[in-house]
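Each of the two complexes below includes chain A, the first together with chain B, the second together with chain C.
Right after this comes the complex of A and B.
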């Protein structure tokens, strides 16, 4: 749940990057940290990683400037993707306002994507949130690996697997190359702010 | 595509999965190549290739074990711990003590027991949170495998009359319970309570648990945490109705079993803890016939 400081006219919202382990959530944040330095208001912090696996979470604070007279601050988080870190995922998800689901385009990760999305739905439900109602954007990551001859799922296949019912905005992406990363974040930020505007009526 | 090219392509794919940390997928692909090579007699250097692949699989397995095991919650830097406290304290009140407690709990949830211990100790002298803080101090000691320190800490509180007798008794019973879960029988000095101060023991305030995650170290859900909904709760006693479809999963759970590594989920908090199976029974009649009823008593949270 976003924090709305009426006195300071400041809104702080939380966007969580969710998805299967090794899908590119941290790489998304790393790219954002490098590319959008003007909007970054602090260091990117990776809390406890093992090699390049996230065990706790990554955190990146951003400032989006003033919108309708309010200072908008956005905190980006990633969750650990590995199945065994379920409790941490749930903890990080608490108070979420918008979600980017980073799906892995590799054919061999098809089932993992679906399980992770199901896990997200379940965890949101625990907090009384509905996956169909929360601002959500899907990113089909690792599209660049097609160039290396690795079997990828088609976008159509991924849409069918993950987005048939959700009908959320979706973007193909490559977190290592930066393709689609900005678009994903912008879309999620817009959806989140629209939802907050509706909920908090902060511009009236 | 010739045999040589096919093998090369499969190996490249496996190597790439490995590079991306997809260990299971890499293993699957190496195994596929291994099988393929075994089935073709006309491959040159067959034994050498098989040996090379076996070696790659061995290395993957050892990496997989390391990842699966994970770190034993190492202490993070003070900066990272401060961030955890800040980001995961959800208290909306202005109470400094409440914020301190939430911060300490957040640290404990992330396995930062040393620091959490220090934070809980600061709350010992605050009347509103002293029992909760004391229990958490003991719990942190236990998590740090310092059962003796936990017991010594209790004895010190008992000696210096740090707590009123009724509160100290609660703390003593709590410690006995969590030590018992660890398989440790320890006599802790009880504090004699004056007749007029003896009160009916208050029922422990437990937050509502909506589901519980049980870690299985054997059976079909080996090395997995399976989450079950809580159907009924009375204090620290949780009742779960488990579908007959999950009968195999819970087959190894028996009455009296101590369950470690439990995850408790509620709408306002999540925490790890342990419990004891108080009862396990099959439902013999009604719409839930064939399902199981499992009662778990929360031992520590």
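Right after this comes the complex of A and C.
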């Protein structure tokens, strides 16, 4: 649930990038931080957590308008997947408004994707959230590696593996090249705001 | 000018959440966190929503702020005021929060709680590998009637002598020593907030001291109002009185075991002779029992063999105590009983209710007994380990 900051007349939403370790969550956020620097208000906080870095920064989505005259600020996070980081994960996932699940297209990571998605469902449940109801976007990352002859799963297979029941919007992407990154975020931001407006019955 | 105050429990709203809340609100002021396991409150200064300085025990600045992430239990209080402290912390708020929680998750920040933090370790060779220093809760000055000072090496108590006074350590560290066949043995050290003297000190006329206490460096003690404590005790229910006395006895038993281990007089068979297992270590038991008839023993199973803890008799309790952590049954010890054992089931909620209503000092006293029992049980574990290797 987003936070309303009456003092600053801002609505803060939280979007969390989730996915298997080394699947590209951090690269996604780093690309956004560089590419959309004009829409970023503070600095990027980067914490070295084992296996993956944890990132955080504030992002101002453009062209999505205001809600009741309040600006919209999005906090973008990545979350460490390892079991041990329970306090960190709790802080990041509590009150989350939207999720981007970054899946790894490498064939060898097939099982890791599915486990991570299951893990996400379990974690969300702990905070009373339902993976089927929360705004969620999937990204099939590392598509560019096909050019280098590395065996990837087909989009169809990944859809079948991960998205058969969820039926969430999905995008192929390459976080290192920057393709699909903006689309993923934009879709997630739009879904999140729509859900927020619906929840508040404030449709404009 | 009246200050705005936000207060609550850190268990409910943790430091990370609090900092986000104060940050989003752009608040300036002082955040105090009081933990029952720390002698002094932790303090964080905020300017315009950002932490600029902090103090926690001997630490200050960012180190202090990080260590406060380990305080997962206690009260907090934020007052808005103009902060005059200089800006020592320059790191951003979110960075501190995420870093702090990460270090907590990775075990780099010590979690302050009843077991882990109360037994800071000091080097010692006689009693197992580690000599615990036991810290007590925040002192409630309501019951302190006088203050006394002792200097390094001064004897505060002498074992076997008679005396009815009870003290609480205001500042400093004290050695707790037992006389044994092979000379004096230092059992543990106690620090700020711990109690000197047992519950029976103010209840039994001509109470004889169970141990000697000696000052390590300068020590400041608060003399407690024994009469008031005795009066409070006399008003308690029969069940609760028995519970308190049994708790005190449990600590004495564990203390005696430490002495027996160190003089190699431990007799495990005496504890394992009872064949009937009433409570198995690790059971999910949520009830509390009182022995009415017969005998029982308390034994801990460890990876280096059995450790005997105590004998239980009429009026002793055993089972689950929701508000204390002795480090014993049901989670960490089994209860074995004689064939003729008769027990009565007590409702732990009723005991808890009475516990909730007693004075802070009495509560601290009881908590301190539990902490000491817990720490000495760990000593026993180490002694058993040494015996086996």
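Some observations on this one:
Note that in this section the second predicted complex is superposed on the first by the 165 of 204 C-alpha atoms of A that agree within 3 Å, B and C clash if a C-alpha of one lies under 4 Å from a C-alpha of the other, contacts with A are read in each partner's own complex, and residues count from 1 in each chain.
Everything that follows uses one rule, which is that contacts are C-beta pairs under 8 Å (C-beta built on N, C-alpha and C of every residue); 3 or more make two chains touch, one makes a residue touch a chain.
Everything quoted here is computed from the prediction, not taken from an experiment.
Of the two partner chains placed by the overlay, only chain B lies in contact with A:150; chain C stays clear of it. By the touch criterion defined above, A:59 lies against chain B but remains apart from chain C after alignment on the C-alpha atoms of chain A. Contact with both chain B and chain C is seen for A:88 once the two complexes are overlaid on the shared chain. In the overlay built on the shared chain, the residue A:7 is in contact with chain C alone; chain B does not reach it. Of the two partners, chain B and chain C, it is B that touches more residues of chain A. Judged by the touch definition given at the top, the superposed model places A:108 against chain B, while chain C stays out of reach.
By the touch criterion defined above, A:127 lies against chain B but remains apart from chain C after alignment on the C-alpha atoms of chain A. Residue contacts after overlaying the shared chain place A:47 against chain B and chain C alike.
Once the two complexes are laid over each other on the shared chain, residue contacts for A:198 go to neither chain B nor chain C.
Residues 45, 47, 50, 56, 84, 86-88, 91, 94 of chain A are contacted both by chain B in one complex and by chain C in the other.
The residues of chain C lying in touch with chain A in their complex are 14, 16-17, 24-26, 92, 94-95, 97-99, 101-102, 104-106.
Contact residues of chain B toward chain A in the complex are 9, 12-13, 16-17, 20-22, 25, 28, 67-68, 70-71, 74, 76, 79-80, 83-84, 87-88, 90, 109-110, 210-211, 213, 223-225, 227, 263, 265, 267, 270, 272. Against chain C, in their complex, chain A makes its touches with residues 3, 5, 7-8, 12, 42-43, 45, 47, 49-50, 54, 56, 80, 84-88, 91, 94. Put simply, chain A touches chain B in their complex at residues 21-22, 45, 47-48, 50-53, 55-56, 59, 75, 82-84, 86-88, 90-91, 94-95, 106, 108-109, 122, 126-128, 145, 148-151.
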